[in-house]
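First up is the structure itself, then whatever we jot down about it.
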Amino acid sequence: MPELGKYAGAVLSSYAVSIALIVALVVVSVIQSRRAKAALNDVEKRSKRNG
Amino acid sequence: MIALLIRDLRLAVRAGGGFGLGLAFFLIVVVLVPFGVGPNSGLLSKIAPGILWVGALLACLLSLDRIFALDWEDGSLDLLATAPLPMEAIVSIKALAHWLTTGLPLVLAAPVFGLLLSLPEAGYQPLLISLLLGTPALSVIGTFGAALTVGLKRGGLLLSLLVLPLYVPTLIFGAEMARRGIEGLETTTPLMMLAGITCGAIALLPFASAAVLRVNLR
Amino acid sequence: MGSIWEYANPRKFIATTDKLLPWVSALAVVALAGGLIWGFFFTPEDYRQGATVKIIYLHVPAALMAINAWMMMLVASLIWIVRRHHVSALAARAAAPIGATMTVIALITGAIWGQPMWGTWWEWDPRLTSFLILFLFYLGYMALWAAVEDDDTAADLTSVLCLVGSVFAILSRYAVNFWNQGLHQGASLSLDKQENVADVFYYPLLVSIAGFVLLFVALVFLRTQTEIRARRTRALLARERVS
Amino acid sequence: MELVVTDLSVARGGVPVLEGVAFTVRAGEALVLRGPNGSGKTTLLRTIAGLQPALAGHVGLEREAMAYAGHADGIKAVLSVRENLQFWADVFATGGIDPALAAFELEGLAERPAGGLSAGQKRRLGLARMVVTGRPVWVLDEPTVSLDAAAVGLFAQAVRAHLAGGGLALMATHIDLGLAEARVLDVAPFRAKAPALDDFDGAFL
Amino acid sequence: MELVVTDLSVARGGVPVLEGVAFTVRAGEALVLRGPNGSGKTTLLRTIAGLQPALAGHVGLEREAMAYAGHADGIKAVLSVRENLQFWADVFATGGIDPALAAFELEGLAERPAGGLSAGQKRRLGLARMVVTGRPVWVLDEPTVSLDAAAVGLFAQAVRAHLAGGGLALMATHIDLGLAEARVLDVAPFRAKAPALDDFDGAFL
Amino acid sequence: MIALLIRDLRLAVRAGGGFGLGLAFFLIVVVLVPFGVGPNSGLLSKIAPGILWVGALLACLLSLDRIFALDWEDGSLDLLATAPLPMEAIVSIKALAHWLTTGLPLVLAAPVFGLLLSLPEAGYQPLLISLLLGTPALSVIGTFGAALTVGLKRGGLLLSLLVLPLYVPTLIFGAEMARRGIEGLETTTPLMMLAGITCGAIALLPFASAAVLRVNLR
């Protein structure tokens, strides 16, 4: 751990916030992608069955 | 009654509902003022509590006409009036829904917007308390104004003009309390006044609103 | 290898990006982690700014990507208007939340940086102000996409908004520059120009920027796929209703 | 249950429109109002439903017994058909909405946003609302506008079920309601005559 | 003048509603569209009037030949009947409105604010607008809703006068139009079938 | 075309029309701000040009959704679209009508409201000129926003959000010009920029507005 001195709060919080935001964005994108895949699969199977 | 509250909240958060309208307007005011008066942060921090209160009040004012107008236009209000709910309950629920969708978000957003206007640090706590105490009064008074003007085709103008003077005491005590907090003066008097106005409005105005709404519906 | 317009076919797009996505994501993770770890642990402090200089590895790449994402949306919107390739409109839609997040990161890290450097969280400095305006543009753009029901209508409306918005964004940039002149001298205490940044800061910054770019590309691929699938799902549901 | 209207005078925009209207509708009966455009049917129904005050005369039941449906259906475009109906069921505290959905064949449309319905489908939703009110007196203004023949049949069936359950109904219309058994009242004879000129009292005329 | 519609497919909310619609209406003819609620009559009329794009197919005349009247009448409540009508006469540059007022017996109401009209009177005003457009093709969606028998007669007369002057008319309705001589087209057979499944290209289906 | 203009103006001045709505809102802002920031006239006179511009802009913003929404709701817009008028003309006329009923009254009222905010004497002329030059741009840009959101049920919130960033350059140059006038600095640059924005907006935006309106109407 590097010595951050009196700016530790500032530096650490910017890293924390930014990484949290990026991770949130990625997680949301992945979840949405999974959901979209599942929903499409569902509908596609159903419509194949019904012709 | 709970069904009405839930429906109103649901309508507000659905696409095109009013939720966020007040907040967006608050944001607009807060962003535009520095563009107007210039970026000097000393000047900004001096007017910050006042602008925040005025912004919150305008945001409230603007969302008032949605309280009854939509239900009036599509006939729901006629139908509600014949429903087994006392008119006072309808009016109170509507005011509560308005506060939940407009007043409360404003209070929660105020600190962030305080940053943009370089609000001095000592100002946050009194500003928040004054907003939390004052916005319910704004909703209840506004509901009265909305009930007064509901039949009038696009009564928006009239509504603002009627409600404006009714809002002035709340604004004065609210902004005064935030300003005093910043300057380190005692804030008890404006606090008590604000609380008094809010309690009085909540206790009495629904009866007046219900009465005028009944008149407007016939 | 045919013309690049082949990738405007949704199926082709999904197939290709499915192949590319693992590689791009892996590279993005490596570059991002590398740049940030290098910057955070293995760079010295600046003599003037102390440890706060480490914020630069987040702040500058995020700021760059915030602008570049908008540029990409502009290009994609133009392609939609001119050639009406659905994938291009959906890619613009997919990029907007990423750009908005980047703008938020730039704004927040900047605000945190400003506290020790300028003694204030927020200053109506031209650069910061134009970023706030950019954020508003992102918000409006995304809100318009969400508000319109019909997908093609939404694509048409948002692409016109993107075009007009770009013009006004540039205009605002000049306006803001002009506006803050003379009133606000010493506040813009940012580092000197890129050339003057010492190499110790410069190389990890480059890696970090590369990481952000790759992350952006990977996310655009993924989110565009999502949009395509969602749209096909809607179309199939509508079809069910007909039959 | 009986709706007795005696000597009722109604006004719109301050102008008397109908006067001396009197009729009785007993439980299990339906009364259809007819009359040319502008003769005052809408005004009369709104007065009876308690939405506006009468100039004179008396309506035998209070508004708590009535359910009113006018030209506007009170449908929220962003809520689904089910949500729209459920709301009214909750307000009137009458429980389930499935019978109402079934009565107007709305099951297939239940999850659709109401804004996307066709004119006739919207009207069916508006009429389904009457079923969930559970009120004994239905006051309907041109209920079958935009309905196709099948839907008019559904409407007639719903009204008959309501009447069979001891309810009563009052309707204004120009077109067929599918209710051959209903009594008809022409409002044209009740048209308001100009009041005597020198009757200059509290009413300024 | 001839309206030739060939192989027209129309959609609402992105969902195909009707497909392969084809008909021809010659000058002096009226065609009445019929079909159950939600079958797509409104959508078809809006497409023909040029208010929304067709999915496929072709409408033989451009929108400049058409005058459209839908469920909403475009009446401004605060303007008088005369002002409402005069506005449209000015926009379409067709001069006088007196024939239109006369055709729908609106002379007596001419100075009234349109907001105070009854449902049927409003509708008559909406129909009078068609006369002042001077356009050869009338596209009407449920024109006789809320009209009493006399007003339906006025409407039929106005349409006949329009046809006699070489115009043509296309109307959707569930109820009587008073035009026994008009040809009728049922739209139900044109109901859209689900498109082929794996046509997964630019249009996502 | 002239018929459309006359109708729009007539509708605006009739009971319940939008005429006066903007003006009233302008008045409200100007009256509330002193209550909010306190009655210190030195502070007020410093922020006066900015507040006046912000007030004018908000008044404009609020009246925007009337431009098309009413005609959309009652079906007139469909009928107008089939009328023998090019869409660009309809859009331009609507913007002109909006300016005549909102922008122009604001310009005329500004000096009076300047008094309320103790605007320094040197400020009147540059303020008036900047408003006169800038408000047409506000109307034209606003018409574009209104055209974008017309189909959306109560797109009011969205409309404000979309138009807000588009208004920023006009506001900055306008308020800056008024401020510079008060301080005796040269005002040519902001004046030229303001004129440029207005001319550019009038020349180009109607095409964009007509395009999006066509999309929205289908």
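Odds and ends about this structure:
Labels for the chains are A, B, C, D, E and F, by order of writing; each one numbers its residues from 1.
The rule is short, and it goes like this: a residue touches a chain if its C-beta (ideal position, glycine included) is under 8 Å from a C-beta of that chain, and two chains touch if they have at least 3 such contacts.
This is a predicted model, so every value here is computed, not measured.
Between chain A and chain F, the least number of touching-chain steps is 2. Both chain B and chain F derive from one sequence, and where they touch, over half of the residue numbers involved are common to the two copies. When C-beta pairs in contact are tallied for each pair of chains, B-F comes out on top. One inter-chain figure worth recording: chain E and chain F are separated by 37 Å, centre to centre, where each centre is the mean of the chain's CA atoms.
Mean C-alpha position of chain C lies 32 Å from that of chain F.
Chain C and chain E have CA centres that are 48 Å apart. Averaged C-alpha coordinates give centres for chain B and chain F that are 25 Å from one another. Residues of chain B found to touch two or more other chains are 15-17, 31, 35, 38, 153. Of all residues in chain D, those touching 2 or more other chains are 71, 78, listed in ascending order.
Contact with two or more other chains is made by residues 136, 147, 179, 232, 236, 239-240, 243 of chain C.
Chain E meets chain D in the complex at residues 12-13, 35-38, 42, 71, 116-121, 124, 142, 145-151, 174-176.
Touching chain D in their complex are the following residues of chain B: 2-4, 7, 10-11, 14-17, 71, 73-76, 78-85, 217-218. Looking at the complex, you find that chain C touches chain A at residues 36, 40-41, 45, 50-52, 54-55, 58-59, 62, 97-98, 101, 104-105, 108-109, 112-113, 115-116, 215, 219, 222-223, 225-226, 229-230, 232-233, 236-237, 239-240, 243.
By the touch criterion stated above, chain E contacts chain F in their complex at residues 49-53, 63-64, 66-76, 78-79, 83, 87-88, 90-93, 129. Chain F makes touch with chain B in their complex at residues 15-18, 20-21, 24-25, 28-29, 31-33, 35-38, 43, 46-47, 49-51, 53-54, 57-58, 61-62, 66, 152-157, 160-161, 164, 167-168, 171-172, 175-176, 179.
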